[in-house]
Amino acid sequence: MNEFSYIYLIPLIPILTFLFLGFTAKKIKEPVSGYIGTASLAAVFALSVYTAYKYFFEVGMVNGKYEPVLVMIKKGWVNFTDKLAIDLGILLDPISAMMLIVVSTISLMVHIYSLGYMHSDTGFSRFYAYLSLFTFSMLGLVLSSNLFLIYIFWELVGVSSFLLIGFYFEKPSAVAASKKAFIVTRFADMFFLIGILMVGYFGQSFDFETLNSESTIHMITGWIANHQIFSFMGLSIFTWALILIYIGGMGKSAMFPLHIWLPDAMEGPTPVSALIHAATMVVAGVYLVARLFPLFYHIDNGAALGVVAVVGAFSALFAAIIAFTQEDIKRVLAFSTMSQIGYMMMALGVSGYEGHEGLGYMAGMFHLFTHAMFKALLFLTAGAIIHAVHSNFMKDMGGLHKYMPISRWVFLIAALAISGIPPFAGFFSKDEILTAAFEYNKFIWFIGFLVAGMTAFYMFRLYFRIFHNKDTDYGDHKPHEAPFTMAFALVFLGIMTIIAGFIPFSELVSADRMPFHSEIHWTSPLVIGSILIAASGIGIAYLMYYKETDYPQKFASGMGAGYKWAKNKFYMDELYIFVTHKIIFDKISKPIAWFDRNVIDGFMNLLGVTTEKAAEKIKFIQTGRMQDYAMYFVSGVIAIVMLIVYFRN
Amino acid sequence: MDLDNFMLMRDEILLTVIILMMLVAEVLLSQKNKKYVIQLGLVLFAGYTFQSFIPNETGELFGGSYKTYPLVHLFKAILAFGVMMILLQSVTWIKEKLLPYDFAAEFFILIFSSLIGLNFMVSAGDFLMFYLGLELSTMPIIALTAFEFWNHRSVEAGVKYIMLASVSSAILLFGVSLVYATAGSIQFDVITGAMHLPLLEIIGLIMIFIGVGFKISLVPFHFWAADVYEGAPTVISNYLSVISKGGAVYVLMTLLFIVFKAFQTEWNWIMYGISILTMLIGNLFALRQQNMKRFLAFSSVAQAGFILLAMLSNNELGVKAIIYFLLIYIFSNVAAFGVVQVISLKTGKENIDDYTGLYRTNPKLSLVLMIALFSLAGIPPVAGFFAKFFLYAAAASKGYYLLIFIAVLNVTISLYYYLLPVRAAFLRTSENPIPYFKSDIYSKMAFVIAMVGLLVLGLYSGVFEYISGMSNIL
Amino acid sequence: MDILTLFVVVPVIITLVLVLFTKTLEQARMVTLIGMLVQLGMSINLIYKYLETRNSGDHSIMLFQKNIPWFSEFNAHYHIGVDGVSVLMILLTTLIVIAGTFVSWKITPLSKEFFISLIVLATGVYGFFISLDLFTMFVFYEIAVIPMYLLIGIWGSGPREYAAMKLTLMLMGASALLLVALLGIYFTGSAGGQTPTFDILELSQREMPFEWQKIFYPLAFIGFGTIGALFPFHTWSPDGHASAPTAVSMLHAGVLMKLGGYGIFRFAMFLMPEGALFWQDFFLILAVTGVTYGALSAIQQTDLKYINAYSSVSHLGLVLFALLMINKTAWNGAMLQSLSHGFITALFFALIGMIYGRTHVRDITKMQGMMRIVPLLSVAYVVAALANLGLPGFSGFVAEMNIFVGGFLNNDLYKQALTVFAVTSIVVTAVYMLRLTGRMVFGPTTKVYTGLPKAFWYEKVAIGILVGFITLIGTLPFWWLQFIEDSVNNFIQPLVSK
Amino acid sequence: MIEGVTLFEIMSLTTILFFIGIYGFLTRTNLIAMLMSLELMVNAEAINFVAINKYLSPTVMQGQIFSLFIIALAAAETALALAIILHLYRLTKTVDVKEVKELKY
């Protein structure tokens, strides 16, 4: 596929930028490093758009089916066996092309935005270096053609996220958050790795195309059929492998119960939250499931997919409930992210495979795309607001529409989009998800439906309390509109949010890579219902928060304990702390350390001590009196004689 | 004995001549020229040592009571070489301690006569010669042990040594008489032929071996060793620990391997036990010694235990291993004792703690000490490692793997205490270390020889090959 | 003089030059450095020659062999030769000694003696890696073990005398087992009246009786395993490393501890295949225990060097684990892990030494936010930590993945379960590594240490070398694996054929 | 060759003598007395050799020669021992063996 042979440049440029900035971080000062980073990203963006266009509209379509394109960079980077190997290859197919667009767009926007946001920060160059590193890893992740390769980039995005969360490394909270994020995801990755090992063992390949191929699936299903014994809780061993892989995805995508790192991750600079923890990295889990969709779908008739759907739905609901109660705007957004990703998981979970069956898959990907746009927008706006107000908390805000018109409008657009109000992007994707869910399982659909309303409510709670509500007195320094660079990014994403919905997504992305047609049935009760619930959510928010009222307090006290639990995120953190510190550290690790120092090492020392003690004890036989010596001498003789005489007969 | 086979015992004769010349010199030299006795003795003995390396043909004298063959002759040469080194080290001691009393000549005479005794012992063909050699080798040394008659410890050592030695030789004699009774002869060849091991004979043999074991200081016949070594002048401790022990080992080997071969099987597992005991007791006692001489004494006890490993093998491999080990052992022990002596002569200090910070002041000396101790512990690339390894190999050739394991564990223990002086000398620093001093040219020569030996003899296999070339004595 | 013997001779020459002609620290380190650079040139030349020979189609098991009778009485030969693994190990040794020289650029007192002992140590290691004869191997092995005593005892810190003695005695005790095994192989290894031999290539052709293998294999395994920090014979390593001077910790953890895995791979398993298979399951338990156990105890430590020592226990446990899996992939992983851990842990100890040299504190609770004080060292420390927890792009990842995949490829549920068990270590490693960096590197700066000197040029060089190779292995594993694979293929034959 | 006396009886006698010597050596505290016990042992052996020679192999004189040497050597031994003991006496004014224990452990 030589017309794509240039494609290795897409990940290469950022990593080179990273190395360059990393080594010259001391020399190059702001804003040069920023310009360098942005320029390289612009190049990447251009390439990505070109590649995607070329793939979708020129090369990709071969007799009615989007054929994947494989560009092998280094075959046998590591050869485990003749079958199993890590090949450095780039796999281009609808979803990776789509992800290319998402990643490069958002990343570029964040780069531009940060020129203003990170202005006069001591770590300016370092920040851009990290951004490039992350971009590299993320692009690598979406482009990788090999399960192990994706794991490699998986780890790399993890570490770059670690570095970026802990960017303000002198803030203990930031350090703690970064540590938490890394370890939690690492914990998930462990299952991912085990899953990979199992898939490699049973599937005899790490290569996506091979794994997803008919033959492999057939082989595996045959194997399962012959080895019924190798099953656990009614699911075959291979399903478990898939579930393990999915746990890896849950870790990155902050699905319940591995979501706890996401809220803390907001310690990082806001652009980072926008890039990593809203748009790109957190959807890696979704992308992973989509990548292996054929396996997920076919093995055990999609038993694993069921798990995906349930986890997704539950996380969506769970996050939405918590989002009600949070005060820190970034945390609200974080939980809304979690909830939206739950949506996407749910969509994949409920999806079928052929043609219109695969609506859920398409919808999930579509929502991933749109969500990336508007959620990034929300975060960046939040960043602008925080930049202006110097606080994360809603109580310090209010009435900002006077000071920050642009931010206000783009935030409104984004909020409408996420609430699913036509004609904004969120509406289309969300609506298709609900449709798919409805066809799959009413209960799941109902959860989704509920969450739609809740989303609308808490988003507008956020909107009203920031921009309207009370007229806060900001003292001497008035909040000011964001500088040009930031505003540019906001506007651009705002436009994207408006138009993204009209992309005929199903023509491009689908489970079996066969385009199909799907449009909104404006008259169907589903559509109307979803619009209505969103609207009602907004309405309630309006009543409670447009003006300063005491409904919220009433509401909260009415909920009582439930509210407290929700506000404390259902004490998940505490649970984790308990398990790790109280149990693993204190009950397992400490005793082991003690055991090592005192028992094993003690034994070794004991040997020495005993020897010396023995030496001290026996010294008295050397009395220094020659008659005793003679005594020993003679008795020695006699003893030996006795012995020989005795043993001889 | 007549002129043509006269040269067979040329070593002993030469030594006798040397002794006579010393006597004459002693008589002739005037009081102020007495010190030339030392040079005379050294020169004469150097000459003797050189000639002793000239091979000698096989043969026997006095109706088989004196035998000589290449290996025994080589061994005599090795002994002579060891004595030579010891003499070199003892020059200062003689000058400072003996000349005032005008004992220089006596010292040489006694040492040489003891060496004659050893020579006779190792090439004995019957019990009479053997017994004579034994006594002749012991008594002068006893005299020398008590030589520092102004020093109470020296005299006490002398008393202990002579009493216990007499007991052991008495017991040995009794054993000989029993063997004589059963075998009807005191000639080794005859006895070898006439061995059918009645109980009486076995008791006799045990007594004989124990008489030799006393000289080798095997547990439980080792008690004298430590006290005597500590009390005696360092030169004499040195001589005892290498030369006379070496000679005794050789005799024990020949008796076991050749003369009383039939008895070996009976005896083996007793030796198995004795060797374990010897290694263990020797190590445990050495572990907590402060006085260097006593420390080395116990270490040499432990070494004897290692030698028994090869004694068990009862094959040519064992012979080679033992001879080679003795050679290396002479080098290492002479060097170690030499350091102790030099220091104690200069400063009168003999304790390990006194050596603290030695390397900072006398680096060369402490290096010699370290290499010697490493050789004793058996650490490559120093020759001691190879010597020990061959002992193990000899034992392994008969499948005594457990014994080897125990032995090597003992090496680990011994390494601990061999490292103690090293620790004192190298690791630690002290406020008042032993000040720097120049040791005299003779002991320097001895040290250089020893070091070269220790570093070359192992890595260069020629010596071992040479020994094994002539050790087909079984 | 053949290309391999030079590796032993050159250090000896360096030692002589040091002994005879050097007085001051400057001269000593210069001589050492020059000598080791020569050594480095030889290593690179060796690699070049090696590739050349292999590409010219010479697939003999060992290259550049030289076989001189030494003690012909015992049929003990000075028999040397190399294959891919030994070539890499030699390179590793050279680089780490060079780095160590730079790290101990200002060593006092007795600078000259320090470098002498260091070189002697290196000599032993080189000899060990090139020897194909059990006797030669053992001689060099012991040569390598002993200088540690002086190095730790004289230039060490903390309870140095105790640590030095403990280390020496435990390793000697281990070599006791080894010696017995060695003699056992020598005498029982040649069934049917052939002359006994120490030559491993000959021995591998002969059939050693199974009942003897059953006895001597565990002896050899534990003997080598002790220096490879096999649980529960690892306790010398924390104390030893904690007290050792920087360069020694580097060399010891980086190279000397690799002798264990290497010896098992080269001698124990190769010569006693049935024994290896017989004892496989038992030792697997020990190895896996070591992996998780080391990692878990590392969590509790607060002394930098102890943390590292335990992490070494865990990572070298992986090496033994992989070797015991008896599977090509795993063995590749084992050798790669030896190599990578060599560089990583050397980097760690180097950095610890540098930081300790400035703060005189090794307790991570006592220092924070070093990033602001010594940025370069801190960054390097983070890199080392990430490499250690197996981040892709660094050497650790590739090695561990080989090990895990290899372990899991056994058609045996027991081994697969153990593999899963071992995999958990990557999380624990992450925990203690991040805990460490979070405490020490990041966080608010400890005021006491502000104004400490930044990294000196020689420190930068040392760090550069080590980080460079860590990344080289991590990014171009295939280049390094080509060396390992060909030797693994030869050496696993007797085991898989059984 | 004495009429009516068998070698057995003689050797029993010598053995008894020998062990009396050993007993004396172990129990007497006076060095001189210990020396005498030593003499006892040695003489027992001398008798042994002569008797054995006379009874078993009267033709070759090995035993008797041996006993001659034994006597000579015993004399030498005693002389040396006495000399050293005298030295000891000069230094410590005692010949009690119990006092001779400065070197120990």
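Here the chain labels run A, B, C and D in written order, and each chain numbers its own residues starting at 1.
As a working rule, contacts are C-beta pairs under 8 Å (C-beta built on N, C-alpha and C of every residue); 3 or more make two chains touch, one makes a residue touch a chain.
For clarity, every value in this text was computed on a predicted model and none was experimentally measured.
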Per-chain Cα centre nearest the global Cα centre, belonging to chain: C
Pair sharing more residue contacts (C-beta pairs) when B-C is set against A-D: B-C
CA centroid of subunit B to CA centroid of subunit C, Å: 43
Chain centre separation (subunit A, subunit D; CA means) in Å: 98
Whole-Å gap separating subunit C and subunit D, where each centre is the average of the chain's CA atoms: 66
Euclidean distance of C-alpha centroids - subunit A vs subunit B, Å: 79
Multi-partner residues of subunit B (each touching 2 or more other chains): 159-160, 163, 167, 171, 226-227, 416
Sites on subunit C at which at least two other chains make contact: 169
Overlap residues in subunit D, where contacts from two or more other chains coincide: 22, 25, 34, 100, 102-104
All pairs of touching chains, each written as two labels joined by a dash: A-B, A-C, A-D, B-C, B-D
Subunit A residues touching subunit C - in the complex, by the definition given at the top: 74, 76-81, 84, 86, 148, 151-153, 155-156, 159, 166, 169-170, 172, 175-176, 178-179, 182-183, 186-187, 190, 193-194, 197-198, 200-201, 585, 588-590, 592-593, 596, 600-601, 604-605, 608
Sites on subunit B touched by subunit A in the complex: 159-160, 163-164, 167-168, 171, 199, 202-203, 206-207, 210, 214, 220-221, 223-224, 226-227, 266, 270, 281, 284-285, 287-288, 413, 416
Interface residues, subunit D side, partner subunit B - complex: 7, 11, 14, 18, 21-22, 25, 31, 34-35, 38, 41-42, 44-45, 48-49, 52-53, 56-57, 60, 62-63, 65-66, 69-70, 73, 76-77, 80-81, 84-85, 87-88, 91-92, 100, 102-104
Touching residues on subunit C, where the partner in the complex is subunit B: 70-74, 139-140, 142-143, 146, 149-150, 153-154, 160-161, 164-165, 168-169, 172-173, 175-177, 179-180, 183-184, 186-187, 215
Contact footprint of subunit C on subunit B as seen in their complex: 320, 374, 379-381, 385-386, 389-390, 392-393, 396-397, 399, 401, 404-405, 408-409, 411-412, 415-416, 419, 422-423, 426-427, 461, 464-465, 468
